[in-house]
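Notes for the one structure printed next.
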Amino acid sequence: MKRSNLLKLVQAAMDEYDVYGPVQRRTTWVFDKIDDPNRIDMDYDNTMMSLKKFFIPSKEVMMRFNLREMSIDDSLPDVKAERPQLLVGVHACDIHALLFLDKVFGGKYVDPYYVARRENTTIIGLNCIDPCKYGFCKSVNTHMVNEGYDLYLTPIAGDKYYVHVGSPKGDRLLTIADKLLGEATDEGHKAFKTSMKHKHKSLPVGLHLDNINETFDMAWDDPIWVRLGEECMNCGSCALVCPTCYCYDVADELDLSLSGADRTRKWSTCLYHDFALVAGPHNFRGDPSARLKHRFYHKIRGALHDHGIIACTGCGRCIEHCPAGISVKDVAYELQKRWVGAPVVKGG
Amino acid sequence: MVQITLTRTNEYLPDLAKLVKKTKLTEMESLFEFEFLDNNVRKYFTYSPGQFVQVSIFGIGEAPFSVSSTPTRPGNLELGIRQTGDVTDAIHNLNVGNVVGIRGPYGNGFPIDKLCGKNLLFIAGGIGMVPLRSVINYVVDKRDDYGKVTIFYGACLPDERVFVDELENVWPNAADVEMHQTVDECHETWQGNVGVVTCLFDVCKVASENTVAMICGPPVMYKFVVQDLMKLGFKGDDILLSLERKMQCGVGKCAHCQIGHKLTCIDGPVFTFSEVQRLQEAI
Amino acid sequence: MGDNGKPTVGIFGFTGCAGCQLNILNIEDHLLELLELIDITTWRMVKSENSKGPWDIAFVEGSIAKQEEVERIKTIRENSRILVAIGTCATHGGLPAMRNFQDIDEMKRIVYGEKNDHLDVIPIKRVADYVHVDHELPGCPMDKDEFIRTVKALAVGKTPNIPNYAVCYECKIRENACLLKENKFCMGPVTSAGCGAICPTYGATCEGCRGPVAQVNWGAEYKILKEMGATDDDIKRKFLKYCPVVADAPEFKELNF
Amino acid sequence: MATEKIEIRHITRVEGHGSLYVTTKDGKLEDVKMSVDEGARLFEAFLVGREYTEVPEIACRICAICSASHRLVSTRAVEKAMGIEVDQQDTNLRKLLVWGEYIESHILHALYLALPDYIGHESVISAAAEYPDVVKIALELKKLGNDMQILTGGREVHQVTPMVGGFSAYPTHQDLEHMKERIKESRPKLQTAIDVWATLEEIPFERKTDYLCIRREDEYALVDGDIATLGGLRAPVEDYKSYIKEYVPDYSFAKAGTMNGCGFFVGALARLNINNDHLLPFAKKTLKQLGIKLPSYNTFHNNAAQLIECAQVFEMTEQTIDGLLSSDLEWHEPKVVPRGGRGTHIAEAPRGSLLHSYEFDKNGLLKKADIIAPTTMNYVNMEEDVRAFFPLIGSKPPDEIKLYLNRLIRAYDPCISCSCHVTETSGRT
């Protein structure tokens, strides 16, 4: 498919979907609502906020209480009735993040709001054939995707995309695209292989995952946590921009008439003072550096235990947006070096 | 135990329940008895000892509370609640007939079936008795299924003890139950033991053989109790701890109750000491 | 409670710019609803007939900057069930407390000449330095939504939910490009949120008007600003700007300017 | 009859804390003292040593009600000292900001604070029950003014976007168009408020005094111009010291301004008296409807003048937005480099002329500040007015005397928080 045709596809899809895509904002990019396809910047490096905002909004009303009648009005039907959303230009790492969130919000108890939004969303993925500034996807095996997209675009020579179809939703989208997309030619197949070769050569590798759990088991008392504790301000930026951090707070907010109330949830982060604070008061993680450490342990050791994969997709957002310049990649690398020997660094 | 669970489309939506009875336990704690409004819920709502429910006061918030009644006595849900913050204040201000929201039960609870045939040692501190009361009464009701029962209970002051009637009159008189109490501070009306709960190990010799210990109390208590139990020869798997953490969702999503890689609400609140031993920051 | 069953409220101005009181008036959309909820019995800026208390809730704006105000705040405290300090002047002393670092007598002389005995001027302090304060709504000016939420919470006996995490939370959620990355001296990471990160959202650096966040780590922010080329003087000015009282905090003293 | 004292401790429904003490002997006026009881904050003392970029941000905290004006005047004074030019687009945005403040502040004063007296209420709160419609309109108009300040300044009180050299963020074309629509739609509401005012009973009181404001020959000057008086003075703002003198009364925290040894009036009525030749049609019509003959020497007309100015600002806003819609409104970093120097600016805050004058060292740190707020300028005039007004009401019962004196002071729309701490200092001590 020609690049210019993608814009036409987006234009056509706008009748049916709320379309979101990467657009530039000052020194960063954001996934923003698209009313003019020309605003989409498919060459973006990385967005500041990940896609989680489309599935667990930073603040959402879960239900409303009527205090006069003592009744509950669930917001789930409203969520289900939202216009379908189409996300354009989603990098592989972010698709992996969604696959991880699927595990968290599924399981024994399903989070119906998340699932409803997930079902209501169509994703056009975008294969990165050149590395972004802070990412390290290849180190954590998230540079390739087998599932989680509806269409997947690989940029190939001649300002074109090589398109994979990943689901019936993707097929459905193609009916809108109709004449915008041709059957891949031999030349196209060849160009695809060239792009992929280029990709594998250009993406660097800096960690190895095989021993990451042992490393973290051993590193609990490592002096690095004291050092990071001094640098980290517990501002939470890392967790907020992280595509797999999902902690939230729940609170009831009364109407001014005091006759009704919303139960809302909003993002929180385990870095905040009150996160593990209970009535009493007793704080289970009262020490700021303990909270920073917890974030690392939960994401790496904990997620591996619970879901078999680490909760880091190598997107590099927390590295880019940490005001103190703390890098999860460097921390993991340093610990590996100290506890199990230096990982072999391959590639570009 | 077979549980018929109610199917819900939205796990977060509470069921309505009304307060039917309120009994003062101490200055700070009361026992609240709730009855679900919906017939179906009333019929199918079951739980096992050690599980908890999430109680909503609409407009104020939601908080987790262990169930204090026992499923062996079908009827209403009893919760023993200490007044310490917004939700608990509001619960204490409820009048009989007022409606709240309740969802659950959540958490693993005590592995009550696996404990059949064992001797049981209960160690509770303060309102840690709330979840243990559920197990104790369960065992008392199914007395033949379990071995010897020993109960250690510690509170700061005599009048800070909860369920005094059961402590003084019911459990000591049940078959093959040994009951010991202590208070932290000496008090003129108190003739019994004085000292923290671990001092009861000197008063009553417990054998670790074929015995499982169940512990619930304030955060500081666990470490010392476990040390003493280990000295007595208890194995990690035979020590069960009911832990408390901050909770918002109760169903493993909000991540507040995370201890290392475990979620208190799903993997717990009851853990064996073996599990906890390998978990940093747990006790 | 007043005769009508509504909580009685007094709104008081001490030394300040009246911005927090004005922000109550600025709640145009909900002012009438708010008046349904509470009974404002004292508010000199808006009313001519003012009660002498008691009040269920007293909202106090401004810092304590003269001896006469010390007595007045004590009287208000004695006559109020709940006392809420509104705005940074009341919660942290505010900008004008910067003058505490200078010699007041000398300053009075320069400003008003030798004949300055009639001037009642004492070091500027926050309300909590003199009386017990139940809740604090910081911000220069106080955030009006936070005020509404507080009134609602207090009306039902709930604890007002005042954030004690960093401004970066709100800044990130609004998806602003980080100003520190543009080499601008933003105080977001060490400042309490609650303002909706309004300054960074409009491209202006956070100046720390809501006061330090819980367990503030100034050392780390110091290092960041230093690396960006700020001098010790720049940083000190910045850290002490809206909340000069923090100069007394041990975390601040550790910085050893 | 012996000596009697009338004390109005705490003039209500004004910003800040002030009191009025009147002494009479045998029913005759002996002495009048206005005292400002606000705690002194000594802004200029701690402004010294601050960076030029943050001076306007700190200075606007002198007063919340006129924060936009303080911000603008302070910024312009800094820019003049640094030799920074600001383009037409940014100048226009600043105008919108200040005009938003005009609408908000005038409505607040005329309808929330002054009107209750005319309709027999102690406050707008108590009036709300009897006149819900008027109060609703007042709320909506005030919100309009606030939203205009938010549009350009980011916040209604203590704006965040204005920077030395420009802005840190710009509104979009859409937002501006939307604002223009709202102004248009709000005209009938303002008209209703004016209609209500036209029915009120006037207080007859006249006293000849001089009036001061800024003036330009091309428009109704509010943000930039020369010093002008009704008496015919024209002078560049830099020369203010030759005309405006200040002294500190020994019973007050504030300084008091005089011109030629007498009090003078600043505020809406002064501007109307001096600049009425630039009124646009809506304001002209309003002036006629309210039946005010210019020049007017009746202080109580100041409230009516505020409503006339609202009408004027409505129309000026529409014109200015039209101008802005053709500029790009792209964000650009203000280009500023510090240098030493002096800068003085005077603009019209809603309640009168406001002056900031600074001197900076070569690193752009403030060396010296002089700030004169409107209420400082009006101070002496207020006391003189009380003297002249008292004989007209002296025979009334004490409560009524107090009420009338309160109303007279209130007519000035005094901003007492501004008036004090606004003093001159030099050098760090």
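To keep things simple, chains are lettered A, B, C and D as they appear, and every chain counts its residues starting from 1.
Note that in this section contacts are C-beta pairs under 8 Å (C-beta built on N, C-alpha and C of every residue); 3 or more make two chains touch, one makes a residue touch a chain.
Everything numeric in this text was worked out from a predicted model, so none of it was measured.
Asks: Going by C-alpha centres, which chain is most central here?
Replies: Of the chains present, the most centrally placed is C.
Asks: Which chains share more C-beta contacts than any other pair?
Replies: Summing C-beta contacts for every pairing gives the maximum at C-D.
Asks: So what's the Cα centroid distance for chain A and chain D, whole Å?
Replies: 51
Asks: Report the inter-centroid distance (CA atoms only) between chain A and chain C in whole Å.
Replies: Roughly 37 Å separates the two chain centres.
Asks: Round to the nearest whole Å and give the separation of the Cα centres of chain A and chain B.
Replies: Comparing mean C-alpha positions, chain B is 39 Å from chain A.
Asks: Go ahead and note the Å separation of the Cα centroids belonging to chain B and chain C.
Replies: 43
Asks: Where in chain C do residues touch at least two different other chains?
Replies: If we look for residues of chain C contacting two or more partner chains, we find 156, 203.
Asks: Of all the residues in chain B, which ones touch at least 2 other chains?
Replies: Residues 59-60, 85.
Asks: List, in ascending order, every residue of chain A touching at least 2 other chains.
Replies: In chain A, the residues touching two or more other chains are 26, 251, 254, 258.
Asks: Give the pairs of chains that touch; include all such pairs.
Replies: Going through each pair of chains, those in contact are A-B, A-C, B-C, C-D.
Asks: Which positions of chain C touch chain A when the two form their complex?
Replies: Going by the criterion above, the answer is residues 30, 33-34, 36-37, 148-149, 152-153, 155-156, 161, 164-166, 168-169, 172-173, 175-178, 180-182, 186, 188-190, 203, 213-217, 219-221, 223-224.
Asks: Would you tell me which residues of chain D are touching chain C in their complex?
Replies: 10, 12-17, 37-46, 50-51, 54, 57-58, 61-65, 67, 108, 112-113, 116, 122-126, 128, 135-136, 139-140, 142-143, 146, 154-158, 160-161, 163, 168-169, 248, 250-251, 253, 331, 406, 417, 421, 423-426, 428-429
Asks: State the interface residues of chain B toward chain C in the complex, per the touch definition above.
Replies: It comes out as residues 59-60, 85-86, 89-90, 93.
Asks: Applying the document's contact rule, which stretches of chain C touch chain B when the two form their complex?
Replies: It comes out as residues 156-159.
Asks: If we count contacts the way the header does, which residues on chain C are in touch with chain D in the complex?
Replies: Touching chain D from chain C are residues 13-23, 25-26, 28-29, 31-32, 35, 40, 43-50, 62-66, 68-69, 94-96, 98-99, 101-103, 106-107, 110-113, 115, 118-121, 124, 140-141, 198-199, 201-204, 207, 234, 237, 241.
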